[in-house]
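Inspection log for the structure reproduced underneath, given as structure tokens.
Lettered A, B, C, D, E and F in written order, each chain numbered from 1.
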Amino acid sequence: MAKLLTEYKDTEHIDSFSLIKSADIRLTKTGKTYLNLIFSDRSGDLPGNLWDATDEQTKSLVPGKIVKLQGVRGAYQDKPQVQITNVRLSEAGEPDNPADFMIHAPIKEEEMNDELSDFILMITNPTWNRLVRKLFSIYHDQFLRYPAAKSNHHAFAGGLAFHSLSIAKLSRNLANQYPQLNSELLIAGALLHDLGKTIELSGPIATQYTISGNLIGHITLIDEQIVLAAHELHFDLQSEEMVLIRHVVLAHHGLLEYGSPVRPAVMEAEVLHQLDEIDAGIQMMTAALDKTDKNTFSDRIFGLDNRRFYKTSE
Amino acid sequence: MAKLLTEYKDTEHIDSFSLIKSADIRLTKTGKTYLNLIFSDRSGDLPGNLWDATDEQTKSLVPGKIVKLQGVRGAYQDKPQVQITNVRLSEAGEPDNPADFMIHAPIKEEEMNDELSDFILMITNPTWNRLVRKLFSIYHDQFLRYPAAKSNHHAFAGGLAFHSLSIAKLSRNLANQYPQLNSELLIAGALLHDLGKTIELSGPIATQYTISGNLIGHITLIDEQIVLAAHELHFDLQSEEMVLIRHVVLAHHGLLEYGSPVRPAVMEAEVLHQLDEIDAGIQMMTAALDKTDKNTFSDRIFGLDNRRFYKTSE
Amino acid sequence: MAKLLTEYKDTEHIDSFSLIKSADIRLTKTGKTYLNLIFSDRSGDLPGNLWDATDEQTKSLVPGKIVKLQGVRGAYQDKPQVQITNVRLSEAGEPDNPADFMIHAPIKEEEMNDELSDFILMITNPTWNRLVRKLFSIYHDQFLRYPAAKSNHHAFAGGLAFHSLSIAKLSRNLANQYPQLNSELLIAGALLHDLGKTIELSGPIATQYTISGNLIGHITLIDEQIVLAAHELHFDLQSEEMVLIRHVVLAHHGLLEYGSPVRPAVMEAEVLHQLDEIDAGIQMMTAALDKTDKNTFSDRIFGLDNRRFYKTSE
Amino acid sequence: MAKLLTEYKDTEHIDSFSLIKSADIRLTKTGKTYLNLIFSDRSGDLPGNLWDATDEQTKSLVPGKIVKLQGVRGAYQDKPQVQITNVRLSEAGEPDNPADFMIHAPIKEEEMNDELSDFILMITNPTWNRLVRKLFSIYHDQFLRYPAAKSNHHAFAGGLAFHSLSIAKLSRNLANQYPQLNSELLIAGALLHDLGKTIELSGPIATQYTISGNLIGHITLIDEQIVLAAHELHFDLQSEEMVLIRHVVLAHHGLLEYGSPVRPAVMEAEVLHQLDEIDAGIQMMTAALDKTDKNTFSDRIFGLDNRRFYKTSE
Amino acid sequence: MAKLLTEYKDTEHIDSFSLIKSADIRLTKTGKTYLNLIFSDRSGDLPGNLWDATDEQTKSLVPGKIVKLQGVRGAYQDKPQVQITNVRLSEAGEPDNPADFMIHAPIKEEEMNDELSDFILMITNPTWNRLVRKLFSIYHDQFLRYPAAKSNHHAFAGGLAFHSLSIAKLSRNLANQYPQLNSELLIAGALLHDLGKTIELSGPIATQYTISGNLIGHITLIDEQIVLAAHELHFDLQSEEMVLIRHVVLAHHGLLEYGSPVRPAVMEAEVLHQLDEIDAGIQMMTAALDKTDKNTFSDRIFGLDNRRFYKTSE
Amino acid sequence: MAKLLTEYKDTEHIDSFSLIKSADIRLTKTGKTYLNLIFSDRSGDLPGNLWDATDEQTKSLVPGKIVKLQGVRGAYQDKPQVQITNVRLSEAGEPDNPADFMIHAPIKEEEMNDELSDFILMITNPTWNRLVRKLFSIYHDQFLRYPAAKSNHHAFAGGLAFHSLSIAKLSRNLANQYPQLNSELLIAGALLHDLGKTIELSGPIATQYTISGNLIGHITLIDEQIVLAAHELHFDLQSEEMVLIRHVVLAHHGLLEYGSPVRPAVMEAEVLHQLDEIDAGIQMMTAALDKTDKNTFSDRIFGLDNRRFYKTSE
């Protein structure tokens, strides 16, 4: 079986199918145009430049296309790249499904779907149960397929569900150890807290921020959806249950500086925020250390104050 | 005509009707109970202690009641107080309307109502016009009677309208000087930006934060009302007009640290935030300097980084 | 059975045995001396003043003594206090063991001892296992009896063990969900991270900071003990295992500003820090909400940025 | 009529007169020298490299010269540049006045001069009037021609006057709405607040900081000039009028962190600071949005916390 | 010889002459007036209340008067105070010079005067020498008698000279160890840096901020005096020597946040700032530790980030 | 005699022996490999690229080798570089000792050794004397040869001793001026404070952080060595002398944010921190100004908040 893009070592010959993730026409210092491409498959990304791109290549080699790529693995300013010797669109009988070349959550979609159903069943409070079911009747598919972010943590297809379900598991375990916590409120909050990302972001491929994502933000966007769902379900927005679920979701960034309009002021809100940080942190460290040699330090991790983490010998 | 409460000088005899703003039963250091009262009229507050309150007095002298107060103006730790010689409920034929004893905006309610109508007429964009009219059909009376804050700036009856209309005037003038500004968006934003305070606060008398005020906050609460109004008017939440008006309102605190979930990213949002700061700042400085002697410094103003301001000689 | 000190309501008569936690001779504004006492039992504290203390009372009513206290529950500046009518030392046949009047961890000492043994057994790495056992051979008893802090979170007898074991449990569960984490390093770190408090603090009663606690601090003090233990066990301080366990303990405050000399740079160090925050946070919120009425806000919690938390209706 | 430099689209042929703003001799990675030029006209800047500059070209193509430029508009790392095909000095009969190629304030110098006179007339307080007239008798011409900054806001010829007069207009309008403000103090402050820039900066072309600009700063430099002018006018530096005008100017950056040696402590000082921020902010946003396509975001604006602003569709 | 005020122990009888530093008429909680007095001598302060002050006492016991004080040393809220039994104005033949009751610099005025002359002689650069001599021809006496601050460090008569000369000594020694430093610039800066305090503060007794002290500040006030002196001496303000000496003085607070309008950008400016911090720090620590028992911690020192310092056993 | 590397001017021919400080194989934008070299001698560094390196060159031109370098001095992006025409390893009879090509402290090693002995003799307190001697019996040679940092201040061979002894001199002088300071504690602290750098850093050539340097840090590493030395000398870790010397060393970074686990809480600790800042600051400014032309500003100095410093004309 063919090697994946990030498995090639320096100077190795690459011969592989991959997805074009981005394609930019650029100018060399001396004024010639060339094509800067980023190839990807489910192992990650590899950039490369096509120095004498024909007009036809410039037109056909666009994001979303599957190509057969040949070249040599090199490095530029310490970053891996491919020196392209040949690149062409995939042909009939060759791989052609972009989804096969995207990074996915480490758990299958069906499995995540089952977990989602199980967690919803654990919410026996009728207000929260109906509210969650109403919202997942609309956003079910996006929840399972969207990334949890444009870059940073869980920035892969299915990342949103993987992250949210992971926090739901942490919530369930924590409520076992600390019975003073309301596990239903925690689980409902875990499932809903980042659901606004499905409106904030453009989708799982070539993910961008939408205009309302930029100008309103995912926290207010999911609050909007909660308000509209409650309106349709004829729930009283001033009831304690509605105020609590909105608060838990609104406050999940923990600090105003991070975009929450209120700081956690209910025990479950504080805890949900901390679990969010733990899961995001572990995912970022794991992803960074996966690319790091033993006994060395990872690249700096933006989402963790630009710290570098040490990979131990075992 | 009787003097107002804050007009009495030290050692002067007080004989005046006033409103009981708060009444707390307290303990002296040696263990005796007494009644700590705050009296107020439209000139401000004056505290005083009733050292040997009877059971009947404890029951009848409660917040909201009008009383006839007699005593001597003194001071305790540099703060004015009244040494009470007599206090009783107002009787038939004497003043009995609490509203007559509250601090009000310096402009009459009818005049503010007229100004509000004028400004709404200036908004010719149909989306914003209908949205604003829809919301004022619900919150018209509260807008004219609520304070703009529990304490801090414009914390008096009618303060919300006085503050909002003042910003609308600044907006109109600014848009004249800088034609690149959209005056309709600015005016609509000025009228709506603090309207969530009518849900966040309990009302004009003995103002407290409501539960949803504390846990959700006035910025998200007015966004909720905008969303529901747009839903009823069948407006598309993704339209540029809806995104802009929501953004301008959401971003009006300027910084995430001050509770806006997004920072201003549209010119009018940045400007509305700055006008809000100017009007609030001038109101706080004016109120503090009104109580300050010439050629001395005011008390520290909490909302202006605890600065003291100098009152000039003319 | 007699009521506990914090169970009395305002104006109720108190007749109770309690421990004198502190006793200060003070001066009234008019220059008379009196005795300011803080009484406590396992429900909490209650202050009171003895206005005409005899010389004999001043000498005998000292911290650590058990007394029979009679008086009336009142309040001074909204804080509960007792108006003392009578107070005398406990006599023969009456309660006389201070330990019976102290607040304790909610789990029994023996149970915590068993949990400690179980967790040590889970550490199969010989370096960490021998190191942990060596240190607990010295600090075993203090670990089970010290508080985790002078004030703030887990400031009660047994708090250190209760807090450390709680984090060990969180560690074990987390390592189940995230197999990329080294559970043995996490558990060893959980058990050792605050053990320096046994040198930093004076003990479980009338807890004070020691001189080395103030000038060196518990983080460096436990590092000192780890270094000396490793020296005696002939471990190489430059070995990865020794560097890792020291790093995890040194970095557990997360930020330099909070007194860690290094920030977490190993995945388990970051996670241990976050679990420490979660357990401390839940304990502080739980303690504050225990004293709060439903549908109201708690007092401000110093260790959580002075936030107040809302107690829900169920 | 010829297009302006910034009006050319990618790949268009440029044939245009322009001013050389800067010219640096540089080295390619492989060690050859080339000439890096920045061309400008009243529409803005365009950089370009002359790869095989002759010695004569290196000597003659220097800042301040007008050249005839021919080439193709391209881009390098997303920034527009020109691929030069030909560049030569302008000849007899062709444009040769650098002032024609500089960006200017949108209002004519004479008009600004009239406005200045009008505002000075509004200052009837004799101390402030004579002080302002004394200073403008010295700095009149520089006031009208200097930029308001080296880069950032109003960094164009005449920017200082344009900015100062704009704030004077805002001051006049604000004092109308809030009669508690002293409009003369505000207007005098508006005219003087940035006048020290005429000493801090080297001039309107190729603007640099002077040594005293760097080591003393424009705020202290204008205070120095005010002190010397007052000295010559035999004004008492301890008079309230002199203290106030100096305070208003010294405090106009609002925060110590921004270089004011005192924070605003007089109402007019606080307001002048806020108007300064509003005018600078609007100018920066306007300049950035002028270069931005509709429905997209501007470049980051350094002077506004690196925020990007959205350009609406109309 | 009579004990000094701060040398009395608790319960000791006081019989002593002292200076009245402040005298306020206050109200007890139950509404009676009393006289709150602060007595002082060269050992420090002692407050006390005169509970039944006659009208004559209220009029005669005013700040600046010397009194014969009798009473008992007690404490109120852990702070020493005197319970007054008798207090009367000093009579003929008794002490009557306020200066004898003020805290002074530990070095005699004449000695400081000699040191000042010596340091001025070390400045051989004619510009700086003449400038310094010009300014000391005006401010010589105030320099020797003013405190260096209202409270905080060197807040005693002669503190300004004591502090400035101490920094001059540090400067001389430092320039010996680091010959790259210009010792004349350092010494001139040391002598002038705080001289503006003679305008900022009202004088050595009952020290207050003046209006120009509050609104302009001592840094700009000494710059003003330097500018005027240079003007009279016909020095060029743009000469390097004038720019340097002004910069060194303007920048001596080190950070903009601390009120310097520019940060140090010349080596001597950076060093002067650091020496200022060292001398102020040592003085504050010394003063605090003088009042602290061995093996305990001092009170918190405001000017050192509210830290407490430990007094060692020898 | 041959010129040193940093003495060559632009376009001059270089013919010189130098040390290879680093050698990296890199890729050009068009995919060819080349060798990026940094040459150095005791005047500083000079980078250069070998565009067509043979395999043999790639293998032999490695860090630590002495080479004969020929080429032309040029510049790339304003930074000096050499355009290499020839480079070969030094041969028999030519220079071959790397130490001759390293930057050294401006004082000879023997002289620093003598100073060290003198300072140790000044410490007459037996605990501190024996402790310091014990530690220098182990780290004597590294102390004299290590740099004080990887980059930043005193980043040259012998920098650690040069910096530590310089602070010891400042300490001795300061204790003369302020007799309240314990000079022995200050000197012992000065000698030990950075000694942990000998464990934190890899050595004087091609200096890197060690693993324990990164994960434990030099402050805790020297504390570890002090603890072990005290253990061997049978000193009581709870004695005041041991607590003080550890505190002074632990607190020398002054702020928690800078990595000290405790803030200075003893006078000598505060002073040692300030002297450390002064010596480091002067060294950084001196080094930067050595490379700066008169009447211009230095490059930004990272360790001094990125400030640039002005070099005066004499």
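Keep this in mind: a residue touches a chain if its C-beta (ideal position, glycine included) is under 8 Å from a C-beta of that chain, and two chains touch if they have at least 3 such contacts.
Every value quoted in this text rests on a predicted model; they were computed, and no experiment measured them.
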- Query: Chains shared as neighbours by chain B and chain D?
  - Reply: A, E
- Could you grab the centroid distance between chain B and chain E? Build each centroid from C-alpha atoms only and quote it in angstrom. 44
- Would you kindly tell me how far, in whole Å, the mean C-alpha position of chain D lies from that of chain C? 61
- So, in whole Å, the Cα centroid of chain E is separated from that of chain F by 41
- Mark out which residues of chain D touch at least two other chains, giving numbers and ranges. 211, 214-215, 240, 244, 265-266, 297, 310
- Task: Chain pairs that touch, all of them, please.
- Result: A-B, A-C, A-D, A-F, B-C, B-D, B-E, C-E, C-F, D-E, D-F, E-F
- Message: Could you list, by residue number, the parts of chain B that touch chain C in their complex?
- Response: 26-27, 29-31, 211, 214-215
- Message: For the complex, give me every residue of chain D touching chain B.
- Response: 166, 169-170, 173-174, 177-178, 180-182, 240, 244, 263-267, 270-271, 274, 277-278, 281-282, 285-286, 289, 297, 304-305, 307-310, 312-313
- Note on the structure: Contacts from chain F onto chain D in the complex sit at residues 28, 49, 51, 74-77, 81, 83, 295, 297, 310
- Task: Using the touch definition up top, name the residues of chain B that touch chain A in the complex.
- Result: 211-212, 214-217, 219-220, 223-224, 227-228, 231, 237-238, 240, 243-244, 246-247, 250, 256-262, 265-266
